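Attaching a single structure in structure tokens format; questions to follow.
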């Protein structure tokens, strides 16, 4: 009754809203087309359709995708599928969801999984495989991964010696954001060793400016940026072999290597002279959102912010992200100039169906063809696909990231907390490092995380 | 299910008109079921007929609850005796964890704060406001103001309160974003990081819940106040009862059942609250509560057993509220 | 039949209005002190201020929201409609329109079904004698505490087996199930308040349980039904969890809340979009609340003093 009484008025209002939305949407398209992706709308002509003929006639079939990649990154994803859709006549149904990481498990357990899911953590992949609903990747995908990706990347998509998931996108976490103009004015040099980084921090601090800024608040995931910091230092101070043992819990979490890494992080993040530029004291790191964390660089509140390449999405539209712009990033140096450890992450394509159209699409996603098509369409996206031509990337930060990933000297390691069991990687590790930043000592912190490791 | 059938109400639909038709079909199906129930009920006669009608009226509700809540509830109880992966029986270990682990004890303490403070304060605010604006000019606009928070989603609420509690240092060019700290700065005091200090932060989160629930209390209690017969009020007025006396001897006794309903409902909603904690602090800085911990253990930590045990603890915590309501019920039946 | 005791009740609404207004006006003068009015105003301001801040923020430029408080707006008014433009223009296909329609399609049956079922059940609990009544009532009441999250996997499994996953049915059924315990509890307590004498009179006139339910109780319960209906409307309208789990995404079934939750972007905060989005979705519930005010009318139970 009450609903009817507002009916006509509401309908009129809604009609207006939809109309406005349409017009604005069109206007936005007109604006955006010119400066980023307008000219190369991909089509079947760009790729070799013959590679899908072995999958038979797929016309009219549908493949459903479920992912945490949402606006604005979803549009280049969807557009990059068009050549495949035109070749095969398959419709790709894309579903982006901010709550993907919890919902995908619910759906898999209940027997309602999508055809494909883009999983950002090897740990979650293992959980999905444990539901018994995931299916192994077909040979065509496995062959592509052998051809286009490093062995380590294939290993991240492998559970219990069975290969499930091919890598999709990647990100580089060993980056420090800075202001090129500030560096130029003050004659600061981009550091090439950890010692130089420390010296640079001291130099800035001596000018009465807090060099670093950071933010770790992220709702239920609060604390994760510190886990990245710690992994970066674990990798640098103890080396990749120790890092692997640490992630697999072959050495305890409260061992000397681990404590040393966290203390080294504390040298920056718990140093009152270094943080938290633009936001206050050390504790303010805990309540500053990770998205806001590095923004004071632009206003001169701080000079350095360690965060992955995807942080590029958080700068305002009018901030120029380039080597000669307002902000840019440099590689977080190794212990010495000769070693080049890189911490990063990425998504993996896990399948829950082995219908031919699903396999055909999986195969497409694992090719260099797709990686290059995607690269041309997007900003803030890179892949570890060796067939990716860096020249196809348009933004400077993407070029930098891809360059780091493809550097033959680089030793890549996947984000450790994403591989640890969920009780640690998405709970205790976050929680304890948050307590650590608000005052808890290093020993208690690593002891508590060790205690939380599932027996 | 088939393309030949022009319309089958259980098919997925894509078009707007299809959706509307499906909704109308669903309502029609529902009305048909109700029609059958009422028709059968109208046939019943006598005492045994009474009984039949009782069960008949309850049947759809009980059936839905059995499938939708009782079965999952029992399954949860069962799971609470198993380990994280759900493949080994570990007896009461999960419960032992809840009552021995220091973190979990903080969670219990916070839950007690929430349940003790929220229902009473929210109900009191709602009641006072309902009385004050009753029959006032612009009453419905005035009520809409208090009601507004209820209409906002939790995502909206968490942004709103971010603009209240947010902290910025008191230095040169940096401006406050949070209202609370701006007030402090205007008064010449230092801004404060509100969400870090325990247990103050728990109470600041409780404020958000009160802010939301007062609208519920006000609406229900206002409806109850309006149901007090005019002649009762008029009679009291002629007797020269004071404003407070009116509240104490007329209003409160008349709406007592509604007050119980409101306290109970808010109490249970408070026990189940997790969105506020999750979005505002993520359960950090010692602000977690049982419902949030249940969520994070079940859906984040992959610890099915402990998550289930926390859910069972929620059932147990509601027992006092159930008992209180049964007593109220008995009392009102005795009247 | 039962119309005799009811007639004055339902009619009391309109004819009594005129004299009642004046009596109320006189009473108000006597009963409300300036302090009380001041207190009410203070409460209203306190309650509205945070939301008002969000409203102001939703019109401020992205950068301003981040670097200064919303009250700065009044000394340095920088206004933009960009946030609303982005929100309404989301999804090239036609903005939020599809999602709004889905929200209505989801909400209407999800309010009607549980309210009707609960009214029947509450009537049985309140006014029919049958064995096991008290135990059943306590059980239904206690089911309020079952966290919705524990039901997601078992229910979704059932829906998948039943072949209705991906349609509106799982959402309608789930919302109805989750609403029932509270609805039965609240409506039962309101029904208990109806004087037994009214029902006795109807019975003596020969009315059965069907007639009593429709002719005696439903009219009397209008405020309670309206109140509960509003809240159920709000909970369903603002629900995210049930929609996420059972609707699947995409604009075929998902409601506005799902679209708005995704506004923040994959790794973004987007306070400017979220604040505008919050106000876009709040419009409908507030309209519903205001338009249902007329159901909360004094005197519906007039003349039916509980003995």
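To keep things simple, chains are lettered A, B and C as they appear, and every chain counts its residues starting from 1.
In this text, a residue touches a chain if its C-beta (ideal position, glycine included) is under 8 Å from a C-beta of that chain, and two chains touch if they have at least 3 such contacts.
The model shown is predicted, which means the values in this text are computed figures rather than measured ones.
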Of all other chains, the one whose Cα centre sits farthest from chain B: A
Centre-most chain, if every chain is reduced to its averaged C-alpha atoms: B
Which of A-C and A-B has more C-beta pairs touching across its chains: A-C
Between chain C and chain B, distance of the C-alpha-averaged centres to the nearest whole Å: 12
CA centroid of chain A to CA centroid of chain C, Å: 39
Averaged-CA centre spacing for the pair chain B and chain A, given as whole angstrom: 36
Residues of chain C whose C-beta touches two or more other chains: 66-67, 108, 154-155, 226, 230, 240, 261
Multi-chain contact residues (two or more partners), chain B: 299
Where chain A touches two or more other chains, by residue: 106, 299
Chain A contact footprint on chain C (complex, rising order): 62-63, 66-67, 85-86, 88-92, 94-97, 100, 108, 152-157, 159-161, 165, 226, 229-230, 240, 244-245, 248-250, 258, 261-269, 283-284, 287-288, 291-292, 295
Of chain B, residues touching chain C in the complex: 1, 10-14, 16, 19-20, 22-23, 26-27, 30, 34, 37-38, 41-42, 44, 50-51, 53-55, 57-58, 60-62, 64-65, 67-73, 75-76, 125, 128-129, 132-133, 135-136, 140, 142-156, 159-164, 175-179, 182, 211, 214, 216, 219-220, 222-223, 226-234, 237, 243, 246, 257-258, 260-261, 264-265, 268, 271-272, 291, 294-295, 298-299, 308, 311, 314-315, 317-319, 322, 325-326, 329, 332
Chain C-touching residues of chain A, taken from the complex the two chains share: 2-3, 5-6, 9-10, 13-14, 17-18, 20-22, 24-25, 28-29, 66, 68-73, 93-99, 103, 106-107, 109-112, 289, 291-292, 295, 299, 310-311, 313-314, 316-317
Residue numbers on chain A that touch chain B, as the complex places them: 102, 105-106, 127, 130, 217-223, 278-281, 283-284, 286-287, 299, 301, 421-423, 426-427, 431, 434-435, 438, 454
Complex interface listing, chain B residues touching chain A: 84-85, 166-169, 171, 173-174, 193, 195-196, 278-279, 281-285, 296-297, 299-303
